[in-house]
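Structures are listed in the sections that come next.
There are two complexes below, and they share chain A, which is joined by chain B in the first and by chain C in the second.
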Partner chain A sequence: MSAVEMSESGGPMVPQVVDPIELIDDGNASSNDGYQGNQKGFFFWAAIAWLIFIVICVLAADWIPGLPGPEERIADRDIREGPSAAHWFGLNNRGHDVFARSIHGARISMGVALVATIGGIVIGGTIGVLAGFYRRGIDATLTALINIMLAVPGLVLALTLVGFFAPSGGFEDQRFLFFDVAPTTNATIWATIALSILAAPSIARVARAQTLVWSDREFVLASRTIGTRNMRIIFRDLLPNVLPAMVSFALIGIAVLVVVQATLAFFGVGDVTATTWGGDINIGRDRLDSEPHMVLGPSLFMFLTVLSLNYLADKFTQFNSVREAGV
Partner chain B sequence: MNQRREQAGAIGALAAVAVLLLSWLLGVNGIIAFTLAFAAIVIGSAITSGTYVFKRLAALIPTLFLVTIFVFFLQTQRVSSQDVAIRVLGPGATPEAVEQFIDRNDLAEPFFSRYLDWVSGALVGDLGTSFINNTSVTDQVAQALPISLQLMLYSQLIAIAVSVPAGVYAAYRANQRADGVISTSALGLLSVPNFVLALFLVYVLGPGWLDVLPATRYTYWGEDVWGHIKQMIMPSLALGLGLSAAYMRLLRADMVVTLQESFITTAKAKGVSPRKVLWSHALRPSLFTLLTVFAVNSAGLIGGALIVEIIFIIPGMGNLIGTAIVGFDFLVLQGAVVVLAVGFVLLNFLVDLLYTALDPRIRNVRS
Partner chain C sequence: MAGSGSVHLRERDSVLRVEHLTVEFPVGTSGAKVHAVSDVSFDIMKGETLGVVGESGCGKSTTGKAIMRVPPPTKGSVLLEGQDLEGLSANELREVRGRLQMIFQDPISSLNPRRTIRDIVAEPLTVQWLEGFPRSPVSTAWRRLTSAMTAGARHPIAGRLARVGLLIFFIGFLLFVASTALADPDDFGRRDGGGGASLGEWIMTAGGVVLLPLIVVGAVGAVLWAVLVLLMPLASLPRTLKIRSQQKAFDAETETRVAAALEEVGIPADLSMPKMPHEFSGGQAQRISIARALILEPEVIICDEPVSALDVSVQAQVLNLLEDLKAKYGISLMFIAHDLAVVKNISDRVVVMYLGKTCEVAAPDALYAAPRHPYTQVLMSAIPVPDPLIDPRSARVISGELPSPITPPSGCRFRTRCPRATELCTRAEPVMTLAAGSPGESDAHYVACHHPLTEEDWS
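== the complex of A and B ==
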C-alpha cells in the first residue's frame, strides 16, 4: 500500500503525460487512438454505481427490507451452510448471514476510512500548505516531522498509534471529549484518529509539493503586490489550486485506509466486537480449507470497493491533467 | 579517473550486499554484519561524492534521534507501568511482584532518564532486554532480521521479474489492447489487500484445493532447502504480486514519457531495432521512480509484511513486532522499529547514490 502512496509523491519530478503519442509504432497504431482517457465508459459508471451502493450500505443498512441484522442468528452455531438463494454468501461460525454482515460491515470499514481520510487531508493539508508557503525554518521543521512519520513502516505506526490511543482492554470512561459514547464507539473513534495521523504525512507531501509550485506563479505575486494578507493568499489563491491534486490523492487514500482498517481488524486491534470486513475475514480464516465462503463475501466487498476507488482516482488524475494541459 | 570514482559508490553498495549475504550464510552476528555493510556503503560513496555523503550522514542523526523518541514516547506513555506489569506477570500477580517488576525494569523512572538509558545502550549495540522472555532484544532482532530479508528479497525478485517486462511492453503498446489488458490486471491486482491474496493462495494452492504447497511453519534454509523454497513460495507471491502491479504502473508511466524524448527518435532514425531501443535506450532513464519506490518498499516490507508473516507463521520482524505490540513488550518493539527506521533512511540514501550511476546527466549537474 505504501507503493501507491509513494507513486504520487515520491521520486524525482517527472512530468506526467497521460495521452502519449506513439513514437515507436509498429505500423498499425495511429496517433489518434491516444485519447481514450477522456471517455468515461462502462467501468467508470460501474465504479460509481458500486460506491453509491456502498454509501447506501453505510447510511441505511439497518433499513434495507428483508436483510437480517449482523448479529441475527439464522441457524445454530457451527452449521456454516454454504451459499444458497436465501443466503447468498452462506452462513458463518455463529450462524450469521455472511452477505448481510458484509453489507453491515461497510459502515465501519468504509466510515472509518472516509472520516480518517478527511482528517488526514485537514492535518496533512495544513502542514503541507504551511510548509510550502512559508518555506525556510517552518518548511524544514515540518518536513523533518513528515520524514520521521514516514521512516516508521506504515502498519507498525498504525498499530502503535491505535495501541497508544485505544488499549485493547477497553475504555473505562465512556466519554469522548464532551459526549457520552459506548466504549466500543470510543475505540472506533480513536482508531479513526490514529488512521488520520497515519494518512497525514503522505498527504502533506503532496500538498507541500503543489504549494511550492503554485506559490511561485505570477498571480500570487500579484496578490502580494497589492498587499493581500498571507491567510487570504492561502485560502483564495493557493487552496483552490492545491485541492484538486489532493482530492485525487484522497481517493487513493480512502482505498489504502480501507485496507489498513481491515488489516487492523484482521489483526484484532481496536474494537473487536464491531462488524467489519477485516474482522469477518479473520473469523472465516480458520475454516478456509473446508468453508471458503466465509472469507469470500467480505473479501469480495472489500476488493470491489478498493478497485472502484483506485479506478476513479486514476480517471480523476487523467481528467485533471488533461484540463491542465489544455490551459 | 572520474569514472572510476563514480563507480566506487556502486562497488561499496555491492560490497555491503555481499557482506550481508555472506554473514547470513556463515551465521555471523547480525549487528557486526550490519556495521560492516554500512561502513562499506559509506566508504564507497564518500569516494564518489565527497562531503555530500557526510552531509547526508549528519542529517541522519537527528532523524534517528527523533524517530526513537517518537516511538519510545508512544510506547511508554501508552499504559501505566502497573498495567504493563500486570499484563506481563498475569492477572494474579501480587502487589510485591508488581513492585519488583517495575523496579527491575526501571518503569517508575521519568521518561527522559529511561530514554537516555536506552540510547546509551543502543549506541553500543545493546537494545535492552525483553520483559516477557528475558532475552536480549539485539539477539531477537538479529534472529528475525535475516528471515524478513529473505522474504523481502524473494518478493522483490518476483515483483521485478513480473513488472519490468510487463511495464516495458505496456509502454511500448501504450493505449492499445495489450496495454489495456496489462494495465487493467495491474489495477485489479493492486486492489487486493495482501492478506486477502495470501488467504486466496492458501486456499487454491494449499490443502483446500490443489494441494501442491504446504501451509506449514517456516523451514530454515539450512534444515531443508527444498522445504524452505516450497514454504516461501506462497508468502513471497502474496507480497510480490501486489508490488509488481504497483511497479508496473510506475515503470509504464515513466517509460511512456521517455519514449517521447528526442534521443529515442534519434535512435530510431539511426535504424536501431525496437527491441534495442526499448531495453538499452529507454529502460535505464525510466527507472528512477521505480528505484525510489523499490527502496521505500524494501524497507517497508521488512516490518510491514506483518500480516503475511503471521498467516504463514514466519518468525521474522513482522511477527516480532506483532507479538511485541500485543504483549506490551515495548523494548522489543522499540528495537525492531529503530532497526527498520535505520534501514529505511539508509536505503533512501543508497538510492540517491544509485541515481548518479543510472543517469549521467545528474552526475554532471552535481559535479
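== the complex of A and C ==
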C-alpha cells in the first residue's frame, strides 16, 4: 500500500491516483475491521453466558445432579422458608425449592416463547415478503390484514384464544386437530399459537418494509434482466437480506413473548399446573410484602433473560448495519 | 423538444431497434400517469455506441429498463436483430436476454451483499443451466396456479372485496373476543360473552358473506396449492438428483468461465471469487457488474450511467475498459449519461432526450459543432470548458424547473423553458426531420424542433 506509506512518511503531498485494484493484492482489503459496532465487550459475553445457561436449563434441568424436582417437597424444612445456603432463593408456599423451580420453569417459559417466535417469523415473514415483493393489490390486502391484526389488543386475543380453545376446567381429554392430547398440553399448544399470531403482524411489517427496500436494489433488477424466476429472487436475493432485520427484531420479540406468556399464566389462562416463571410469580405475589423471596427467583431469571436477549438483539442489529455500511 | 417520429431510423439491419417506445407509470388511483418515456425511437448498428443524454429525470433509465422489459414498455416495440421481444414466451425471452445485458448506475447496489463474487458473476450461467432441466408436471402446475392466484389477488374488485370483508369480519371478531374475555368464567372455566359476543358473531358472519366467494375460490386454490407443494419434493426428486449429479461438472466449468470474465475486466480472479461485495471499491464493483454482463457473451450492453457514481480517476479506467471490450468482441453499446462530455468521445451517434422525448440525433462532433435543437445548446453550455478566457457568465442557462412528467406541456415539451418558443410550439408537436447530411449515412443530423438553430446562432 505505497500510497499510505508515502503520505505517512511525509512524502510529497501529490494526490495519489492508485487504482484500488492494487489494494486487493496485499490480501488486506477487508474493510470489516475497526468498526466499533463489531467489538464484543464484557456484557456481550455475559449475555451469551446467561443464555447458554438458560439453554442448559431448558434441555437438561431434570438431569442436573443435586437439583430438587419442581414438585419435590423439601423435607424437614418449613414452607416459605427464606433463602439459605442449601436453597438459594428459599422455599415457596408448598415447600418447593424456588431456585430449582426457576430452573425447571425455563423449559416451558422459553420453549413456548421460542417456538412462538419461530411461528411468528414464518407467518409474519411470509405475509410481509409477499406484500413487499408483489406490491399493488396484494400489498394493499395483506397490509390491511396486518393492520387489523395489529389493531386487536394482543393480550385480549391471546387470553380469549387460549380460554376458548383450551378452557382450564380440565375435566376431560381435549383434542388438538386430530390428536388426543392432555388438557395441559392442549393449553400449552394454544398458548404457543396465540403468541405466534401475536408476534406475526409486527414481524410482517418489518419484513414488508425491508422487502420494499431490498427489492428496489439494482441487483434484483439485474437478476430480473437475466430471467431469474420470482422464487429464486425471493430466496437468493431478498430473504438473505431481509432475514437479519427480521431476526434481530424477533429476538426482542422473544423477550416480549416471555413476558406475555408469564402474563397469561399470571391470569390463570393456559396450563396453570406447569412450572413457569409467570406461574411462580403468580403463586408468590400474595405474599410479596412478607416473603418477597418467592417472587425474586423467577423474576430475576426472567429479567436477566429479557435483558440478555434485548442486548444481543441490539448488538446483532449493529453488527449488521456495519456490514451494510461497509458495502 | 417534444420530438416524435422515426425518420431517423436507418434502413440497414440494426442490432437493436427501438420503435415508438412509450412507458407510463400509474400514480395513485385517480388514473393519472407519469409519462416517463413517450414515443422514443432509435437504432444501434453492430459495434456501434449510441450515447443517450438528457438531464436527470428525463427517462433515460426508464428507456433502458423498458428495453430489458423490467418493466416491459406500455407501447412500442423493441427488436433485437429483427426479433420482436414482445409476445415471446418466458423461455424464449430468457434465451434472448443473454444477448442483451444492462449495467446499472450504482455499482454497490448492483451486487447482492450476501453472495460471493463467484456466485454473483456465475448467476446468469446458473439460471440458464437450471432452466435446462425440465420441471416436473407438478411444479409446472404449481407455477400456473400460483400466477393465477396472484393475478386473482391483484384483481381490483376482488382486492377491494377482500379488504372490506376482512375489516367487517375483524370488527365482529374484536367484539366477540372482547365480550368473551370480559365475561366471568363458569364452573368449567368457559366464558360466555352474552349479547356482545352474539352481535360480534353476526357481524363476523356478515363479513364472512362478503368474503365468501373469495374464501371458496381461495380455499380451493389453497388446498390445491398445498397438495402441489406437498407433492413437489417427491415429483421434482428426479430433477433434483439430475442437477446434483451434474453440479460438480457445472461448477468446474463455471469456475473457469467466471475467472476468465473477471480477468477480462481486470479483477484478480483467484483472490476475488470467494470475497463478498463489501470488500470492493465502487470501481471494482462496477467491473464485477461488467463481468456479470459479459459472461453470457451479449451483443448489446445497455450502460446506465456506469461511471457517474465513480471517482474521476476511476471513471476513465472503466470507460477505457468498456471501449476495449467493445472493440474486442464487437459489442454494441447503448451508453446513457446525463451530460454530453462523457458520451462525446465514445459515441458514434448521440440521442438527446428531454422529458421522455427525443430532441436531436446526430454524430457527437456534429452535435458539438452545430447543435440544431435549443435544448442541446443548453446542455452543451453546461459542460465546463477548460479555457480561462471564456467568461462563465456567458453560458446559456435555462430557467425554470423541469415540468412534471405527469402533465407534460402541450405541443413541444421543451416550450416552457425554450428561448425560441412561439405559439406554434404550443399547438403542434415537432417531429424528427433531417437537418443536415444524407439519410442513413453517419453524417445524418435529425432534429425535432419548429425553429431549429442555424449558422448564425453558432457564431
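Annotations
Rule of thumb we're sticking to: the second predicted complex is superposed on the first by the 272 of 327 C-alpha atoms of A that agree within 3 Å, B and C clash if a C-alpha of one lies under 4 Å from a C-alpha of the other, contacts with A are read in each partner's own complex, and residues count from 1 in each chain.
In this text, a residue touches a chain if its C-beta (ideal position, glycine included) is under 8 Å from a C-beta of that chain, and two chains touch if they have at least 3 such contacts.
Fair warning: this is a prediction, and the values are worked out from it, not measured in the lab.
When the two complexes are overlaid on their common chain A, residue A:241 makes contact with chain C while staying clear of chain B.
Contacts of A:46 after superposition: neither chain B nor chain C is touched. Applying the stated contact rule after C-alpha superposition, one finds that A:226 touches chain C and leaves chain B untouched.
Of the two partner chains, neither chain B nor chain C is touched by A:212.
Using the contact criterion defined above for the overlaid structures, shared-chain residue A:56 touches neither chain B nor chain C, since it reaches no partner. In the superposition on chain A, A:154 makes contact with chain B only, not with chain C. When both complexes are overlaid on chain A, the residue A:136 reaches chain C alone and has no touch with chain B.
By the touch criterion defined above, A:290 reaches chain B but does not reach chain C. Within the superposed three-chain model, A:67 lies out of touch with both chain B and chain C [touch as defined at top]. Comparing the two interfaces of chain A, the one with chain B and the one with chain C have residues 17, 19-21, 23-24, 29, 144, 148, 151-152, 156, 159-160, 163-164, 167, 169 in common.
Note for the complex: chain B touches chain A at residues 62-63, 66-67, 70-71, 74-75, 77-79, 83, 172-176, 187-188, 190-193, 195-196, 199-200, 202-203, 206-208, 242-243, 246-247, 249-250, 253-254, 256-257, 259-260, 264-265, 268, 274, 277-278, 288-289, 292-293, 296-297, 299-300, 302-304, 306-307, 310-311, 321-322, 325, 333, 337, 340-341, 344-345, 355. Those residues of chain C that touch chain A in the complex are listed here as 65, 68, 70, 90, 93-94, 97-98, 100-102, 104-106, 108-115, 120, 123-124, 127-128, 131, 150, 153-156, 158-159, 162-163, 166-167, 170, 173-174, 177-178, 180-181, 185, 187-191, 266-268, 271-272, 275, 277-281, 283-284, 287, 289, 292, 296, 313-314, 317.
Only residues 17, 19-21, 23-25, 27, 29-32, 134, 136-138, 140-141, 144-145, 148-149, 151-152, 156-157, 159-160, 163-164, 167-171, 217-219, 221-228, 232, 236-237, 240-241, 323-324, 326-327 of chain A touch chain C when the two sit together in their complex.
Here chain A touches chain B in the complex through residues 1-4, 6-7, 10-12, 14-17, 19-24, 26, 29, 33-34, 36, 144, 147-148, 150-156, 159-161, 163-164, 167, 169, 255, 259, 262-263, 266-267, 269, 281, 285, 288-290, 292, 295, 299, 302-303, 306-307, 310-311, 314, going by the rule given at the top.
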